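Two complexes, one shared chain (chain A), two partners (chain B, chain C).
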Partner chain A sequence: MRLLLTGAAYQLRLLRRSPGDLIALATTPLLTVVFLAVVEHNGRPDLAVNAVLAPALIALWGMSLLIAGDMIDAERATGTFEVLVATPARLWPLFTGRVLVVTVVSLLGLVESWLVATVVFGVPLRVAHPGLFAVTLLATVLAMSGHAGVMTSLFVLSRSARIFQNSLSFPFYVLGGVLVPVALLPAFLRPVSTVVFLSWSADLLRDSLRPAAPDSPVLRVGMVLGLGAAGAALSWWLLSVVLRRARRTGSIALGG
Partner chain B sequence: MTESPCIEIEGLTRTFSHRIFLARRPITGTIALDHVNLIVEYGEVHGLLGPNGAGKTTLCKILATILLPTAGTVTVCGSDVVTDPRAVRRRIGIVLGGDRGLYGRLTARQNLRHWGALYGLHGTALRSRIDELTERFGLTTRQHDRVETFSRGMKQRVHLARGLIADPELLLLDEPTDGLDPVAATEFRALVGQLRAEGRTILLTTHNMAEAEQVCDRVSFIDNGTILDADPATLSALVSRYERIDALGVTEPTRARVSTIAGVERVEDLPDGYVRFHATDRPAATAVLRALVDAEVTRIRNSEPSLEEIYLHLMGGQRGMRVD
Partner chain C sequence: MVSTWWRVGRASAANAFADLVVIYTPASWVFGWLVRVLAQVAFYALIGTLLESPAQQRFLLVGGAVTVMVTEVLLVCASTAWERQAGTLPLLVVAPVSMVPVFLGRSVQWIPSALATSSIALFALGPVFGVGWTVGTALLAWAVLVLTCLATYLFGFAVSMLVLGFIELRNLVGAVVTAITTAISGAVVPVDFWPAGVRFVAHLLPATYGLDALHRLSREEITFTILSNAGLLVLVGVGWLGIGASLLAALVGLGRRRGTLEFP
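On to the complex of A and B.
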């Protein structure tokens, strides 16, 4: 726990020193404008919820993936990754603490898209099930942090994480039902989507904004947390395997 | 019962392989360390001297558990670097040369707080340790400045403070004065000298002979992954044994006559017009001087052999070494 807090404290200090890391939040209002304009033009106010949540979830995923990848690249660039490996600290909680901070900060994207909807488009948004909404957000943040760790572990093996970051974004936006609900995706994609926590989160968040009572909320929150825990366990295992491999191959200090 | 050494290396080999895409087996490439044996006792400041690419940093990284050995055993402070790396990490500090190993966007104090937390320090103990180290290394007035604004010399002080944050039994210094200006390098060596006086065990890698002589109790030469142990007495003997006499205005007959003196190893023309006679011992050097004076050569100077020459004599190799 202490290492998790150490990682979180370090990331907070870095964010204060380099606001450029929050660039994803600059695009969130623009995406909201685009999505809401399409919704309004087509006379589908029922899809406003999708248009508001999608940019926020994109910010959440994008920022988490960015920090997960850049973390290793940046540590290698400063030569601190080798020194980190040489400390007795377990790196998994340290990295997870860092991602957790960025994921929490990325929730500002939700505030932004909400403001764009109400102020610019005059769309009245009301959270019909605030408790479920809050719990789902919390579960999503935790699950996101667990999954980002998988990326961090894999990025240890890569000389440049940027290619993977860019390639991994859009498949997950689709499989995670970020804009288009999974139910509307081609049938062959749905089984894959069920193991992507973001698809459960996105559906649940949308349902919590609508007046109708959501189906099986506890089970669905459980799925988000369960998949998040599975991601966290996978990332913990992967990091130890990958670090041992990097120590064997001499690729701890790889870069460029 | 005698205490086991701080570092005990036996038959250490490290090779670096690379794998071609889709190939089933890796291709064995460089042999960085080749059956290295080394012992460093507690309280000793041990220098590891060698040219760039000799294997110094590889050895340092294996001791720091950043790299795994390919073969052989390495024990640090009683723990094996392969089977019990976490125990090793708790008892060592590492300082890398150049700009590696610090977060530039954080202040010196924030860096030390972060690294201290990674060694399990927190609260009052961490704060007082940071106070002690910033005071000791002259960082107090700049502890709240970002490290990226520091000079190389200041950064290296922060590096050293970071390496000592957990009060390690063994400090690994990998080319710590690399890139420092002479003043900063001298200051840094003075700090290492203080640590030596405290009886701390230090392994220092360098290609600077003067640095090794100044701060080390014992040195090892390393090149092509092979190591040769030596103590300062051996070095001193070599320095005094291999002498060089340079002379200006030496005629061909004199040169021919002097080069036949027993103990004259070779004769070399220097860019400044001097002719250098390499003598293998003191009597030979004396004979060379006498012959030159008899030949009425008046512009004579003598000098000690360079590290490269000592190194070649020690290793019997063909490869030279850069001497700063």
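On to the complex of A and C.
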């Protein structure tokens, strides 16, 4: 736990000095304007919920993957990765703490999109099921942290994977149903969407804002947490592979 | 002067394409970048499905295709900043040639890539979402796309001159300008949706004229307005080129006076 908190505090200090890492939060209000404009222009106030949640989920996903993907490389660039590996402390909780902070900070996107909806468009959104909303948000943050940790190691393991870092955005926004629910996607995409935790989170968050009682909320929160746990387990395993390989090949400082 | 500018621009473009080759292999461009771009266009077109409106689906697909083009062309902000990061600005200042062709050529790698992705989005993904093209409308649409891309590049050139002074904000500025363009230029809602002040800003953006022409062509409306939009694209593009050149001269002048050319 101490390592987790140390990583979290360090990442918080880093974020305060890296405006470039906050791009997702800078574009969130504008994306909210884009989606709410479409909804208002088409006279569909019932879809305001989708328009407000989508930019927040995009900020969560985009910011977490961007920063987490660069973590080990950034340590290498500053020459601190060797020292980190040499310390007796375990790295996984340290990196997990850092990823967790990024994910939590990216939730500011939700505040931003909510404010744009209220102040700019005069769309007052009420949370019909606040308990479920809070639990789903918490589960989403945990699941996102697990998945972002996968990217931390994956981009180090495979240099070619980094080229695809940019590509992990919109394909997942479609598959994750962040704006358009998975039920409206072409049938061949739906099975893939089931294993993307975002699709469960997005649906449940939307349902928790609407007055109707959501179907099977416990099962759906369980799916978000289950997929998040699978991501976290994969991230732990991948980090151990990275460290083993780096020690074996003597490439801790060099990368690759 | 023209031949010197052409020679310098070509040499700078060689740098630009060398960057592109480092960034992408053909496979990573196709399976990474192109897939991402098509998913982005589909993401916007699917909003039409959510709205249960085939007309909106078509409108949003055209908007999405132009938006991805703008996204890529505005990477000029990042690649211009790379030049200053490389520390070449003082050398360029003392060179006996204008820096305008240097920076105009420095980011041209994004033009063919942006044209390819947006063309594939319009003409291959378009029919999947109900946007049909005849040979005539497709040819005109492609010509409009090329003009929009070039004019947007000149707009990006001007924006990147501002970024040269704040290179740590290169990605942030590119992303914000892209998002503003998406919101107000007629990519997602008609420009008329916005209040007068926003409409005024929209009409300074090349994408606004390109989108108006492309929306008309996607509805098979071949009118004089398309020609006037093309003329306005040229005019707005040249205007931004002038602004960009002035900003560059101002930045260099300031840098020389303060001795900060090498240290932004």
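We take it that the second predicted complex is superposed on the first by the 243 of 256 C-alpha atoms of A that agree within 3 Å, B and C clash if a C-alpha of one lies under 4 Å from a C-alpha of the other, contacts with A are read in each partner's own complex, and residues count from 1 in each chain.
Assume a residue touches a chain if its C-beta (ideal position, glycine included) is under 8 Å from a C-beta of that chain, and two chains touch if they have at least 3 such contacts.
All values derive from a computational prediction rather than experimental measurement.
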Answer with first, second, both or neither: which of chain B and chain C does A:P211 touch in the superposed model? neither
Check whether A:A86 is in contact with chain B, with chain C, with both or with neither, and answer first, second, both or neither. first
Using the superposition on chain A described above, determine whether A:G122 touches chain B (first), chain C (second), both, or neither. neither
A:L94 contacts which: chain B (first), chain C (second), both, neither? first
Looking at the overlay, what does A:P191 touch: chain B (first), chain C (second), both, or neither? neither
In their shared complex, at which residues does chain A touch chain C? 19-20, 22-23, 26-27, 30-31, 33-35, 37-38, 41-42, 44, 47, 50, 160, 163-164, 166-167, 169-171, 173-174, 179-181, 184-185
Which bits of chain A are touching chain B when the two form their complex? 2-3, 6, 9-10, 13-14, 17-18, 78-80, 82-89, 94, 244, 247-250, 252-253
So, in the complex, the side of chain B touching chain A is made of residues 16-17, 61, 64-68, 86, 89-90, 92, 94, 96, 98-106, 110, 114-115, 117-120, 122, 146, 162
Complex interface listing, chain C residues touching chain A: 23-25, 28, 31-33, 35-37, 39-40, 42-43, 46-47, 49-51, 53, 56, 60, 168-169, 171-172, 175-176, 179-180, 182-183, 188-190, 193
